[in-house]
């Protein structure tokens, strides 16, 4: 891990402060996506399994925090290591379950890993494209379930589209009052949030690297390349794939948990298929299997989404105003971002399937077909 | 005949009892009995389409027989999945080389060691001393294996190796799983005479240096005749002959079967 | 000597046999039977309502079946889930709408055909819309195959699938650019009146529903004739069986694949126009969900199997309408996607079975 | 290899920095004018399907400022328009909502906030801006729980962590619109109703309120169901409802969730709009609904949480005319509310400066809540202690010959 980059990341809030810029929020959002992309990278990049429903784990992680660190289950009142005072704003005893965010991170990781296994176990024996469809199915069902979940046989499990609101901040209650920002994780000073997600991202990167170079990492590549040969070498292909699925899910869940606490509200409608595809685009753009490539992919695509497209929109409007063309001055370029991503996916696959920063192995694999094309191509064509 | 031999060689490592495989009405392998003695080199020969590779895939677990059972080290392994058989000590190579093309030669061998390594996920992530030591030892062992099969380039992608090296790498990869029984599917296919000779020598050393039993499918009759302890001949899924190489060579049924097709080798 | 190809397919068959163990099938059968009994009870309680819903389901299912055929044809021949197919269907409905409006790119060809037009003009309009949409969608499908899938025919399966997803987004956004984000109304060319008026009033079957069946049936018959009887159809079947062998026998594999995509596109175009005329609205993101339903239908019937796709479509349609009636509209999506997952997990070969979805040895 | 990695790292860094700098190049204020200055912001979703509606609100705010020469009394006003939608969502996005609120909260120059448009976004923003003590005026949020009990058990307290209120709205909340629908149905002689909603915050909340009020009005509720706004049709649903023979169907939801299809299938299932009333809220009060429903829209009833432009009092008519003159286009349903919100906020700033001699967030909030008998484009009204408007006049409209026509006013007082 390049030390320089870590150092820069560590002092970023200082730079931000010095510039008087307003970077922290977008940086945190980008970091969440970096985590998601790295999680998906384990599944798609390392193990070669196409997961089109990755957003499901993101959603599950967020709901874990939503359920266990808010007033949602207001029929009970239970707090455990929570950063909140036992009495709420109104002075009454806080209804709902309030468990420390740090503990919930672990819970979210375990919960999503469990779901990864539940989803993966029966489906991982399916061939790759079928697996993609099954994951897509789950990715559609889970958010839909959260939408409908306000009435499961009369019980309000998820609060439907109104979502879960007022999620507790993480907080470090044992700190002295003088370190109030860290004690409370307020909404105004984002430094504690930033360092939290930074640590999470670094852990994710570290785990990615270690896994890639481990016995399991080799098994993933083996299964990806030739499942039968891998099995004949003694690799348990199902568990190997299951691990990829579960570990990918863990990082999706952790990202979701952080997101839930950070935004303090969860809406089931935010976990759409588009998010799955966006994260997939990040992995593919950056280079499947390449950790740094995937990070770059996440930063690039979020940059395009948040800054480039609105900027381009501004330019187009300016041009439209100058030319007095209502078509251009009323254009809504950012609306078509998935058009861009669609083209990106096709172009990447056709021209540079290994991504911007390729993984050495993946490049070889993805260009495999080209060399022996003549062998398979019917001769008279 | 086979009954007689069983008495001669009491130490049976692998046994097939009336193995039958039917593909949608087509009988590919028909009630074949078969066994491999401890430390022996047994060859399976027969003309094209005789069902050798099908039989082979059943032994390694990629296919499951329609009827009959397999015993390995005295245990019924008929219903075991491939990786479980590999764990028990059945290693194999493939007729059409199936290396992990975009892994380095060394990594291919390390993958072969998969079942013999213990490094768990948590250990790998934390980099515990145990896992590190194991990795280091594994690398050394893998390097030794590469040296044993006579491969110099460790870091080259498997797919970029010359053909003969790929064959040898496949054997090294199979050896890495520390098999007690090694299945070699036409290991000399596509090799020139010198390479073939070297490989034959290598197979001989497997038995001597590692005490590994070998089941060999081979078209090259010179190889079969020179190193086999025992030869079984399949034709149209049926066992038509078996015996010592010299015996089989003169069996009229075998000659007929091979005359019916083009005699290879 | 077994070729790799053989080895793979044999492996697939075997692993499938081994794994779909009998207790799973038994549970599946028990659950299915229980559900059918529950439905039967409802049918006896209120037969009019039940049959109305059955007819609704069949009509909805017929449209799904036509789309499903496109998936199954393409999957049968190149083992690709053509993700963009659902969006091609959406484009089909847009093309139909444009034809009926009589205006394209600001050029007015004829006066829009609306609910007020005469009967002859309406029939002419519907046929014209169908034909043009079928041609356009057929060509789009062929074009997509040529540009996006053909160069990747020997790449890992993952790569083609990702390309297909990309194409899906491209088509969807073309629809968005073309007609905007909101729902667009189709002219009401076909009557909402009850066909069965005078016979029974408890069962409601509109002329619109009949129209769907009247368009679907000839298409199915035609398709089946094409595949069973014509030279091209036979070539398609040969290529689906074994590309290499077909090529060796002198079949032009690339052209056959193109024709398959053409057929799929034609069906998508027809179902797009029908969908619009039947439901009365269309929208740019229609294809994702309808496509997924249709894919579910194809899988349910046994992907690669044409009869299966039709059967699957009808079953999905009926499941949908029965769910709307007896469970609740908001659960319909979940129920259908659950069917998809259950079928893939427990019976990947589908009801009628053809190509196994279970992993064969080492396929990419 | 290591060297190469370093290059890559640097490149990544560069790109990241470039994006981030582009992103924050806007904003930043200047100081040093003689009269006191203050900044107000609006926060509306400006991408996706609700963009046209919200652009008219931005225009209306700009109009209000132009008419005052950018002055609130003696205070010079700067205005920034923020977008709380993202391209990837195509609508409001909770992260963007939080980001906007967070960023404004730290900028002390900003003393007033107009928005947001969506109640879901308000749920995210209010707690953040509450801690910053920033006064908010929303032109469009109707979810009850934002200001008063009636939503979830611990609402509205959970939105106000400081315990002080800072949020107001000039539109009437869902309880009143739901009640208006029920009253209207009673007056139409409806005795039984089937209620549908689109399962979104707005639609579901309204349907809840309607249901409660319908029961109070003695209307029998035959069933209640959430629909999937993306389903291809609702034939099975309508066939089921037709069996129950309701006098009316109420739909809580928005056009974008397939309201047009719903009406088409209702009529298609043999329930004509003459025989069975179809009523919806202001979420379908737009031409897009009539377009989507085609002929089936004829005779549909729609309630609106205020008065349509044509029924506004004199000042309102002036506004509609001024808007038309300036922007050469018509107002949308919420445009006048955006204009009213801007004027209320500007007057509060004016009063705060006059009272305190300076403009503080605290003062603005105090004065906002002190708005009484305000004579604006919506009529004469006050904020109650919750920050809700005291207006009780809603309107009912009906589709006639392919257009919404004003039918009646409904007073829910």
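Note that the chains are named A, B, C and D in the order they appear, and that numbering of residues resets to 1 at the start of each chain.
We take it that a contact is a pair of C-beta atoms (placed from the backbone, for glycine too) under 8 Å apart; a residue touches a chain by one contact, two chains touch by 3 or more.
Note that the structure is a prediction, hence the values are computed from the model and not measured.
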Q.
Taking the mean of each chain's Cα atoms, which chain ends up nearest the overall Cα mean?
A. A
(Q) Going by average Cα coordinates, which chain is farthest removed from subunit B? (A) D
Q: Name the chain pair with more contacting C-beta pairs, choosing from C-D and A-C.
A: A-C
(Q) Taking the mean of the CA coordinates per chain, how far is subunit B from subunit D in Å? (A) 73
Q. Counting in whole Å, what is the centre-to-centre distance of subunit B and subunit C, each centre being its mean C-alpha position?
A. 47
Q: Find the geometric centre of each of subunit C and subunit D from their Cα atoms only, then give the gap between the two centres in Å, rounded to an integer.
A: 40
Q) Taking each chain's centre as its mean C-alpha position, how far apart are subunit A and subunit C in Å? A) 32
(Q) For subunit C, give me the residues that contact two or more of the other chains. (A) 11, 181, 330, 333, 361-362
Q | subunit A, residues touching no fewer than two other chains | A | 147-148, 225-226, 228-231, 335, 338, 365, 368
Q.
Quick check on subunit D: which residues sit in contact with 2+ other chains?
A. 48, 90, 199, 226
**Q.** Sites on subunit C touched by subunit D in the complex
**A.** 46, 49, 52-53, 56-57, 59-60, 115, 181-185, 187-188, 192, 194, 204, 206, 208, 275, 278-281, 285-286, 289-290, 320-322, 324-325, 328-330, 332-333
Q.
For the complex, give me every residue of subunit C touching subunit A.
A. 8, 11, 15, 19, 79-81, 148, 151-163, 165-170, 172-174, 176-177, 181, 243-244, 246-248, 250, 252-254, 288, 292, 295, 299, 330-331, 333-334, 337-338, 340-341, 344-345, 348, 357-364
Q: Over in the complex, which subunit A residues touch subunit C? Could you list them?
A: 44, 48, 50, 52, 122-123, 125-130, 132-134, 136-138, 140-141, 144-145, 147-148, 225-231, 273, 277, 280, 284, 335-336, 338-339, 341-347, 349-350, 353, 365-366, 368-370, 372-373, 376-381
Q: Quick one: which bits of subunit B touch subunit A in the complex? Just the residue numbers, please.
A: 60-62, 81-83, 86-87, 91-92, 94, 98-103, 107, 110-112, 114-115, 117, 119, 121, 124-127, 131, 135, 157, 159, 173-174, 176-177
Q.
Quick check on the complex: what are the subunit A residues that touch subunit B?
A. 206-207, 210-211, 214-219, 221-222, 225-226, 228-237, 243, 247, 360-362, 364-365, 368
